[in-house]
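Each of the two complexes below includes chain A, the first together with chain B, the second together with chain C.
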Partner chain A sequence: MALVNPDFVNEVKRTEEFNASACMNCGVCSAVCPMGLELLPRKLFRYVLLGLEDKVLANTETIYSCLLCKMCEANCPAQVHIAENVRFLRYYINKKVFKL
Partner chain B sequence: MSDRRIGVYICHCGGNISDYVDVEAVRQAVEVEPGVVVAKTAMFTCSDATQQEMIEDIREQNLDGLVVASCSPKLHLFTFREVAKRAGLNPYRYTQVNVREQCSWTHTDDRAGATEKAVRLVRAGVARTALTEPLEPIVIDTVPKVLVVGAGIAGLRAAIGLADLGISVLLAEKSAAPGGWVAGFNKMYPHDRTGRLLIKQLVDKVKRRENITLFTDAELVAKSGSIGNFQVKIRVNGQKTEEISTNVGSIIVATGFDGYHPRDGEYGYGIDGVVTLPEYKEILDNAGDKMLFNGKEIKNVVYIYCVGSRQQTGENPHRYCSRYCCNAGVHAAVESAEKDPQVNQYHLFRDMRTYGKFELLYGRAREKGSVFLKFDDNEPPVVEKGPDGRLKVTVKDLLTYGEQVEIPADVVVLVTGMMPRENSALVDILKLPVGRDGFFNEIHPKLRPVETVVDGVFICGACQGPKNSAESVASALAAVTQSASILKKGFVELEPLIAVIDPKKCKLCDVCSKSCPYSAIEQEHYQGKTVARVNEAVCKGCGGCAPLCPDNAIDLKGYTDAQMESMIDAMLKEIG
Partner chain C sequence: MPLPTGDTIGILADNLRIRHSVLPISAKSATRWARGLNIPKGARTVLYTGMMYQLIPYIAAMGKAQEGIEDSFLVNFIKLGRQVNKVINVSGFMALPSKSMQESYNRILVNIARLLQQAGVQFGYLYEEELYSGALIYDLGVDDVLKAHARKVYDVFKKYGVQNVITVDPHTTNMLRSVYPKLIDGYDLQVQSYLEVLVERGIEPRSRLDLEVVMHDSCVYARYENVLNEQRTLLKNAGVAIKEPADSGKFTLCCGGPAESLYPKKAKERARQRVEQIKQAGAAAGAVTMCPICYVNLQKAARGEVQLEDISNLLTQAYCM
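After this line comes the complex of A and B, so read on.
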């Protein structure tokens, strides 16, 4: 059982640029990902939206594997700023986990 | 031998009939029937050319009866009645025989059998036609006045529409004030005007129209008569109760719906903090800067959708979708976020159905931070009070790959659906058709959406099924048009194929009136005795009374005992 944390998304979301909620779970992003990152980005965004911080942190490796190539973003039918969102997450993890 | 002059036309229907029925053999078999003077086959009897040929035959051969053996009367009865009419032949001397649905389409494995059956059916049609009499439609003068039952948004709008067409309106509202549900609504999508204001505008318009009389605290207690001229009695409960009797030409029922009331324990209903959507809207509408519940600020809201709608199990489940609730839930979320941008909102849904332009509202809710979680019907969310006294909702979220999540909540909003309103007295008085779901039924969901099987009684708004206010108003105006189309003409024409009672034979045993599903049998005086009489305007010609009469005093015009017997004899020819 994962506890929903409403504050988490607000910590990650530093500007209105962060728009994970627009994701409609279609899976185009996963399909076109050149890294074959199965997790990214649709699953990740659900975890962020629900504030499942543990789930997000458990995938730190994957989050840093992203090339930020924006292949997913160019193909996203819902105009989710995927690469930008990943950057937000890295920023958060840098602060919180790596204390940078 | 019959002295009738009957024309028989047998249709190939392209090949729909003639591929399996030997139409030429049928023609030869029936051309020798008594009374038949013309017997022809045609590729398509419904074609203009064949219709014209029939008209010429009727005129030249002086025909006094017409039989077309083709498809179902549902398709072409009126087509060929019109042919008869155009040729100067009384349309009720026409008989349609269905050799397509009943012979060729049914017996594709037995051509000989299909042909023989067609012969027998056409013979029966000829026999019936030989005994037809010219009949005239029943003409009823209409009263240019309408009773509208229910003064919610649909009833009010219908009343104004009728009044502006020059038709007087009697508007009867059961509660103390007009306006119904919408009168209690705050801002509405998409124009943001309040329901209160909409209703106030409508009531003002009603008041300005002299030909609308609005009664509140009023109910319909009796109705008699028929389309075009109903006698209605309305009881008005004021300081002293009074009854008003008047005549109206048609009746529009706009009695609305009831909100679903969750059972105790349904999604935690009964626990402090678990509220229905209307209850939550009240909190929202009365909130100042912050939304409060029991004096505590509301920070987390969990919505659960489809409560009381799309039920699959239980006693008398509401299987239908209530249509309005997804939109209303999402709208409440947008309003909440506008009131307090910090509020966290979680929507637990089975399927979101923010159809049409409401999709934009859905998008807006999402942009304002609402999170949507999808649950499986078989694994509904569980609402409990945690040890800390706080509400918690656990749900398996299909959009997060079946992750079990627990959401802390200050209020849980059950997005409740619509229910048919309990109206058994009105149903009884108007003989309204009630569907299996408890809402009133129209004749045809697409083509005759506001008419009921009771001629002159129309339905509109949410009494017919879940509708939002815009859809209710649209159906109200449809009911206005249908009412006006009867009343503006000044008269209605009804089918004369109805029951008649021979007063000489009637002994008034009352068996017939008890059997009539339309209350069409009245009493009259005839040569010093009281006898039963059929109200022509109310009788539907179902024939239910005729075989019950112990004195054989009842006959059904167009389907008399003599006709039925002659048809049976004709079908059994060569056998009997």
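After this line comes the complex of A and C, so read on.
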């Protein structure tokens, strides 16, 4: 059973640049990802929007494996700031989990 | 077992905070490349290396050490290593670079300085006061440490009255041109890559090279900074025929290098994938890179199957000799 943290998205979203809600779940990002990260960004961003913090934290390796190469962004039809959104998640995990 | 993410990032961030670089590098090593070039200290326009090319031999040495640690019992000691590293520079002992590699990367910076001189650009250099841009810490999302560091970098530029910054690699270009303005109020530096400066200056070739190369674009130049035409213009003007790999230009395939600090094995797998594309485009031609991270990562993965060169080597042959 998943635990919902309703404030999660606000804790992750430090500026308006975090635009996970623009994602329309088409899957192009996953199809073109050179790392083959199927989870990123669509499922992961959906977890953030739904407040599923545990699900996000369970995927820490995926979040830090992203190359930030923007191949997904260059192909994204919804102009989601995928690389920057991933960096927002890293910042959150660095603070909350790693205490950096 | 993979490297412990938090402690590995912690060591890199501690180094930036305490020692102003992700891996400690002496001022002597960082500035050695400029010896004998008669570049003045400071100036309105400076060549800013951002220390990326100088750091690569250290990063390569550290990566090798990390590969040995990854999936071994030694990962359990990284947490302790982080605590010790705050007091004693442990990462400095782990990252002892090869001399020949240092010379090879220093030569790239010499090439770039010579090209700018050939194009008639008047520029200075900050020598031992130059600081690393913090690109890796930005990628890893340690924004608070980065912000404090960016201020220090900016203050050094301001101390010398710098207005224009010429960068040598895509990551540093991105940091100074697109990231720093969001971190520093009133940021007013004009930032251009040396490739952009050379094209803007209309540098003329002195010799034709008459050869073919496969172009490996940096994803940061291609998708963050829109530097795509300059490298092609400079090579084509020098008589170089450019072969494009399957994923090229704006859709260039990442070399995998950004994964190196946390997941060296994944970085190597991605680099190998790109090497295969380069081979298919024409291995006999050799390939050019314009980013120190791409260069080192692809070179390791190529295992001698493809001849890789930094673009500045070809440009120097064509425009300076």
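Just so it is clear, the second predicted complex is superposed on the first by the 99 of 100 C-alpha atoms of A that agree within 3 Å, B and C clash if a C-alpha of one lies under 4 Å from a C-alpha of the other, contacts with A are read in each partner's own complex, and residues count from 1 in each chain.
Operating definition for what follows: a contact is a pair of C-beta atoms (placed from the backbone, for glycine too) under 8 Å apart; a residue touches a chain by one contact, two chains touch by 3 or more.
None of these values were measured; they are calculated from a predicted model.
*Asks:* Could you tell me whether chain B and chain C fit or clash when both sit on chain A in the superposition?
*Replies:* Partners fit side by side after overlay.
*Asks:* Examine A:Cys69 and indicate which partner it touches, taking first as chain B and second as chain C; both and neither are also allowed.
*Replies:* second
*Asks:* Scan A:Glu61 for contacts with chain B and chain C and give back first, second, both or neither.
*Replies:* After superposing on A, A:Glu61 lies in contact with chain C but is clear of chain B.
*Asks:* Look at A:Arg87 in the shared chain and tell me whether it touches chain B only, chain C only, both, or neither; answer first, second, both or neither.
*Replies:* second
*Asks:* For A:Met35, using the defined touch cut-off, is the partner it touches chain B, chain C, both, or neither? Pick first, second, both or neither.
*Replies:* The answer is second: A:Met35 touches chain C but not chain B.
*Asks:* Tell me the contact category for A:Val97 with respect to chain B and chain C: first, second, both or neither.
*Replies:* So A:Val97 only meets chain C here.
*Asks:* Looking at chain A, does chain C or chain B touch more of its residues?
*Replies:* Looking at chain A, the partner in contact with more of its residues is C.
*Asks:* Looking at A:Leu52, would you say it contacts chain B, chain C, both, or neither? Reply first, second, both or neither.
*Replies:* Only chain B is touched by A:Leu52; chain C is not.
*Asks:* Measuring by CA atoms in the overlay, how small does the chain B-chain C distance get, in Å?
*Replies:* Superposition on chain A places chain B and chain C at a least C-alpha distance of 22 Å.
*Asks:* Taking the complex as given, what residues does chain A use to touch chain C?
*Replies:* Chain A reaches chain C through residues 34-35, 60-61, 64-65, 67-71, 73-75, 87-91, 93-94, 97-100.
*Asks:* Name, in rising order, each residue of chain B that touches chain A in their complex.
*Replies:* 299-300, 344, 346, 366-367, 369-371, 373, 394, 397, 399-401, 403-408
*Asks:* Using the touch definition from the top, list the residues of chain C that touch chain A in their complex.
*Replies:* Interface residues on the chain C side: 2, 5-7, 9-10, 13, 138-143, 145, 219, 223-224, 250-251, 253-254, 256, 258-259, 262-263, 266, 270, 273.
*Asks:* If we count contacts the way the header does, which residues on chain A are in touch with chain B in the complex?
*Replies:* So the residues of chain A touching chain B come out as 1-4, 6, 9, 19, 21-22, 25, 43, 46-47, 49-50, 52, 55.
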